[in-house]
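Note that subunit A is present in both complexes that follow, paired respectively with subunit B and with subunit C.
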Partner chain A sequence: MGAGVLASRAAVDRLRRGLARDRRVIEPRSVDGAPLWVETAGEGAFAWTLAPPLVGVKGWFFPPREPVLAWDGTGAVLPTVPSPDRIAFVGLRACDLAAIAHLDAHFGADPWYRTRRDAALLVGVDCLQACAGGFCIEVDAGPFARAAFDLNLTPLPDGRVVAAWGSAVGRAALADAGVTTKAVDEGTTLLLGELATTAAASFPVRSYVARGLARLNAAPAGAAIADEEWQALGPRCLACTGCTSLCPTCTCFTVVDELDGAGGARARVWDSCLLEGFQREASGHHPAPRPGDRVRRFWYHKLSRDFAGPGGRLGCVGCGRCDVTCPGTIGALGVLAALGGER
Partner chain B sequence: MNNTAAIPAAFAATLPQRARIAALHEEDEDTRTFVFRLADSAPALDAAHPGQFLMLSLLGYGEAAFSFSHLPRAGAEPGTVTLTVRRVGSLTQALFACEIGATVGLRGPFGRGFPPDGAERPTVFVAGGCGLAPLRSAIDVHLRERPAGIPVAIVYGARTPESRILRASLAAWQAEPDVMLMEVIERPTIGWSGRTGLVTDFVREAVRAIEAERAAICGPPAMLRATADALVAAGVAPGAIHVALERYMKCGTGLCGHCYVNARYVCSDGPVFSYAELGTLPDAFIGCGSPPC
Partner chain C sequence: MTPTTCPFCAVGCGLVLDVAAKRVVAVTPDPVHPVSRGQLCAKGWNAGPFLASPERLRQPLLRRNGRLQPAAWSTALAAAAEALAAARAEGGADAVGVIASARATNEDAFAAMKFARAVLGTNNVDHCARVCHAPSVAGLRRTLGSGAMTNPIADLDEADCLFVVGADVTENHTIIGGRILAAHERGIPLVVVDPRRTRLARAADLHVQLRLGTDIALVNGMLHAIFAHGWEDGAYLAARCENVAALQASVADWTPDAAARVTGVTAATIVAAARLYATSRRGWLAYGLGVTQHVSGTETVIALSNLALVTGNVGVIGGGVNPLRGQNNVQGACDMGALPDVYSGYQAVADENARRRFETAWGVALPTAPGRTSLAMQHAAHDGELKALVVIGQDPAVTDPGGRFVARVLERLDCLIVAELFLTETAKLADIVLPAASFAEKDGTFTSTERRVQRVRRALAPPGEARADWQILDALAARLGRPLGFRDAAGIFAEMAALTPSYAGMSYARLEARGGLCWPCPTPTHPGTPRLHVEGCVRGRGRLIPVVHTPPAELPDADYPLQLTTFRLHHQYGSGSMTRRAPLLERENPRGLVWMHASDAARRRIATGAAVRVRSRRGEVTTRAVVSDDVPPGVVAMPYHFAEASPNLVTNDALDPIARMPELKVCAVAVEAC
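On to the complex of A and B.
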């Protein structure tokens, strides 16, 4: 870990082009008005103020469909080994970096995840103000990056940029691109503190978040929230799986065998704990038979300290994507508002 | 043989191990014991503990989790895997269509089985239906390791006399010294003169007869908590009651998310939990039918 000051935002453009020499560079861009992760080769202006894309980068490391083995008509069975391109994500926000730290801890040494993850270099960009619907600050995931980055950039109002490196690969990327840094002096440190204070002050006051989290985490588990409250929320879940697909920390998958002539493939496919059949057993036994049971289980997984990951952070990183997509208005803020007594 | 020489070791290690069906035994019309012979040596499977499980793979049908019903440490031949399987889903349907010599894949062992210590303490085993399968190896290992004279009680509940499985084991246990076998039939048919009812009706008698200090339970979800409560009422400490939970699983290694109960994974933290632990996991018995939960 270390940090230095880049003289101007043009140095970041040099870094981006430098990364593009031996990596695919993926950055947020506005496409027809919607922020998306786009391959840019480091060309063009970096979108410093673009809102975070609704679809995050989870699928690069944990694809919606990941073949794990294949067989042919001879009976030979071989594991499917991915060969991902070297990539660099430039412009990851603190919430998504915290989410990647969660994925790293969850998947551990899993060879499919590890192979894809090891091929990626992560460059974060701190948020100087709250995004619409984001509440990272309530769950200690942002708005300034905490975890997982190789490099993290904080743009200063005077045009300079503070670059922090979290890995040797990140430090080397600066040097390889010919980007020089100056030491972070006392004035710059003070300025970073002011920016953090201003960013924190830009979040709307949502006192129900702390109240909801406190109720959900009251000991013993589940004691503070009556079953009826969850069952009241249950019918609002349409089991559309929008939240679990967009959630940057959702990792559940099923495994399917796909036949192809005499051979076939076995693949991991994204699954959702909100689907009725997720835990139903062949015997008919169902450990979460009612929609409210499944909604409760999902939100405990996201918001309970029992599931805290690296740095003691919750499974929810406060990105707010679930609130954007949920047709039943029971994304994270919707649920916390209900639990926190604000309807 | 699969040519895995060029495959990175971390990936090769994830492949199911090839095995063939070496023997079949019909337990009842929907339950069958399969003995698989592994193509290559598999020290980890040979060393599996009672209560652990593996993932059985049938290409085209996927994988499912099964507990061992016999183990080398209980006297089974090394290099073999024994599973007692009930036909309830698509994979087991396909498995029942396989004949001797057919190839399957096996991955494991996984999970935490029954605690390996405690052979010196009087123990009651309570099984319901095909829940006897995972307990069989636990009972056999316990009988091998217990000091002479330490009593054992086995309470086995089955729906009908005809649906009792692993009858050779039942007969062998019956013949062991200091073993009290209590077979309980829920729906007796003509000719049955033994105990009738539910296993919970006989737990107290079993505990008292051997002054049981510990217990192991495996069976259908509706039976588990009722049995554990009956054991506690009869004086067995919750921390000494070991319950084998069952959950749908897709990976066996704590990744797929299907089997979590509160913040624990049945596949890697279990499948065997003490009843004291389950007391901290309120989701463990949701959907288990009776008693009300």
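On to the complex of A and C.
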């Protein structure tokens, strides 16, 4: 770990082009008005203030469908661990970096995940301003990055950029691109503190979040929230799988055999714990039979300290994607508003 | 990253397809789509797996020695052309017919109707709108002059009351359903009229749980209450409607008490529903197949139109009479003229001027008499008058009523030609099966329930030798000596737009923008028309038409003491050929497929999961039971996605006399443990 100061944002452009020499560079860009992760080769203006894309980067490391066993029908088993291209994500926000730290801890040495993850270099960019619907600050995941990055950039108002490196690979990337850094002086450190304070102040006051989290985490587990509260939320879950698909920390998968003649594959595919079939047993017995039971379980996993991940951080990183995609208006803020007495 | 339009229901959500190594690796919601706004239902999220299914048809199949066997395109097309020519030679042009698809693009539907009319020389062309919203088209054209949804989906956010009739919106049109739930939570009153206790019904301020098929009695009782209390919009009626006195007279006897006796709901509930809807400034009325799939379907649509007109809710922001169409492109397939009596844009084949315009454009004489509906084609096949049939992307053997009749008549044809993604139950009966491209493998447009025309974009190549429907029809037409002359999807759209006033101002260039355009869009600078009837109804004055309650064609009796109704599940779609190949959706299927009330179940010693037989006068089906208070005593309900337990083996094919819609929503059955 360490940090230095880049003279200008042009140095970041040099870094991006440098990364592109031996990596695919993926950056957020506005396409038809929608922020998306796009392959850019490090070219063009970097989108410093673009809101995080609705669809995050989880699928690059943990694809929606991944064969974990394949055979051709002749008795031969085919390799399934990928040989991924070297890539660099430039512009990851603190929420997504915190989520990747969760994924790293969860998948550990899983060869499919690890191979893809090892091929990726992560460059974060701190948020100086709250995004619409984001509440990373309430769950200690942002708006300044804390984890998982190889490099992290904080743009300063005077045009300079503070670059922190979290790995040797990140530090080498700066050098390889011919980007020089100066030491972070006391004035810059003070400035960073002011920026963090301003960024924190830009979040709307959502006192219900702390109230909801407190109720959810009151001991003994589950005691503070009556069953009826969860059952009232249950019918709002239409079981669309949107929240679990977009959630950057959701990792549940099921296994599907895809038979094609004599050959075939066994693939792991994203699952969703909000589906009734997720936990239905062969007998028909269901440990979480009512939609409200499944809603409770999901949010308990996301918001309870019992399931905290690296750095003691909650499974929810406050990105707000579930609130956008939930047709039933029970994304994280929707649920916390209900638990916190705001709706 | 290819932005496109969802292929399931008619809400018209925006999808983004992510393709790698010739495979759709992720389907995600379009964050800037004006309708879906970053949301999708479970079907949309799971639109990927069926595309890559090993069961996709990759080459033509030809029946030889009783078995479907792979064949070259040239062989299959030659056989199809020969069979169609032979059928025409033997029985005349009307001995052949085409069933178009509400699942394929507008370009495919336009090609199908041109193929039927200009190549085969018959108006025998229809599609599955016959079994969903044909009564909406027939009813609303009579009362308002246009058979489509009057107001945009977004208008429900502008309403002061939401009135939902016979529609399970959270399950079947999930993104609209979620928006209704959200509006209701903001305090907008919600009234739900449904025999079943749906999710929306449980959330509603008022659930009017009426008996099956008694909607007209309910509406007439509401109209009686509205006139009695002076809740009608007198100024609106005077300025914009006709036949007011006749309507008022017709409901004079329909006191809430009289309506209560027929509907089974209390008079107080009927008056409360009338007050909530009529005294709100703007009421957004939406309805589904619970209204249309009855022998009284068209008249029920007219009754709802009466209700909206009397309360001044047509042509206003936040109001409207809004049929929620079923398939992604059922609105478009109707618009394209894949119907026996109209060309594209609802131009009647009986209208000489319209016919001449199409004859001039296509350089061929066109048939003058309206053709047969899909069900009439089945009966003609039964009688030996229809000898060959082309079915595109539809599975009538599962989705049409009348027991084994459909399969029997399809087998009786001299030649059945099916273009499909998969070997469906209907395709299994075919003589020639032609592999079709899916929505992700071709360019085109879909028209959503709110008349929104949106681009469908090719993200990957079709599997094997599969082709777009319009390409299949073009090749077949060439074999018959009269090519359709299509080069690409954009060219078909341009030809269609030139012949169709409501689409005349649209082009692929204009449809590039997210959300496309709503018809009517008559000129290249016209912004489209999200809301109809604003400056007066399309037909002039809104016409009030008295209608009377007609009971279902079959009522329960000692032999068949229960009423069966049909419905749809959120996690399945149509006959399931796409959704049943998505592992998460298929796993979500319930343990049983007939829902029954605990009182009916207990009497028959049936518990959830028990094997049961459902019998009607037309057939029987065995499945498992789900004991639930979703249905009232005396009513059982079955979803129709599952060929292994299809309610259409028992449903009634009694027809609405106007729209020829079969009464899929109610028949008499017996249920017993087995």
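Everything below uses one rule, namely that the second predicted complex is superposed on the first by the 341 of 343 C-alpha atoms of A that agree within 3 Å, B and C clash if a C-alpha of one lies under 4 Å from a C-alpha of the other, contacts with A are read in each partner's own complex, and residues count from 1 in each chain.
To be clear about the criterion, a residue touches a chain if its C-beta (ideal position, glycine included) is under 8 Å from a C-beta of that chain, and two chains touch if they have at least 3 such contacts.
What you are looking at is a predicted structure, and each value in this text was computed from that prediction instead of being measured.
For the composite obtained by overlaying on subunit A, subunit B and subunit C can both be accommodated side by side without a clash. In the superposed model, A:Val205 makes contact with neither subunit B nor subunit C.
By the touch criterion stated above, A:Thr325 is placed in contact with subunit C alone, subunit B being left untouched. An angle of 80 degrees, to the nearest 10, separates subunit B from subunit C at the C-alpha centre of subunit A in the overlay. Contact with both subunit B and subunit C is seen for A:Thr254 once the two complexes are overlaid on the shared chain. Once the two complexes are laid over each other on the shared chain, residue contacts for A:Gly75 go to subunit B alone; subunit C is not touched.
Contact with neither subunit B nor subunit C is seen for A:Ala183 once the two complexes are overlaid on the shared chain.
Shared-chain residue A:Glu276: touches subunit C; no touch with subunit B. In the superposed model, A:Pro64 lies in contact with subunit C only, and not with subunit B.
Within the superposed three-chain model, A:Ala45 lies out of touch with both subunit B and subunit C [touch as defined at top]. Contacts of A:Ala168 after superposition on the shared chain: neither subunit B nor subunit C is touched. For the pair subunit B and subunit C, the model built by superposing on chain A gives 12 Å as the shortest CA-CA distance.
The residues of subunit A shared by its contacts with subunit B and with subunit C are 254, 256, 259, 271.
Every residue of subunit A that touches subunit B in the complex is listed here, in rising order: 68-69, 71, 75-79, 81, 106-107, 109-111, 114, 220-222, 251-257, 259, 264, 266, 268, 271, 273, 278-283, 285-289, 293, 297, 300-301, 304, 306-307.
Of all residues in subunit A, only 31-36, 38, 53-55, 59, 63-65, 235-236, 238-242, 245, 254, 256, 258-261, 269, 271-272, 275-277, 284, 324-329, 343 touch subunit C in the complex they form. Against subunit A, the residues of subunit B that register as touching in their complex are 2-4, 7-8, 10-12, 14-16, 18, 59-64, 88-89, 92, 103, 105, 220-221, 246-248, 250-251, 255-263, 280-283, 286-288. Contacts from subunit C toward subunit A in the complex involve residues 1, 3, 16, 18, 25-26, 28-32, 37-42, 45-46, 48-49, 54, 170-171, 174-175, 177-179, 181-182, 185, 199, 202-203, 514, 570-571, 583-584, 587-589, 591, 608-609.
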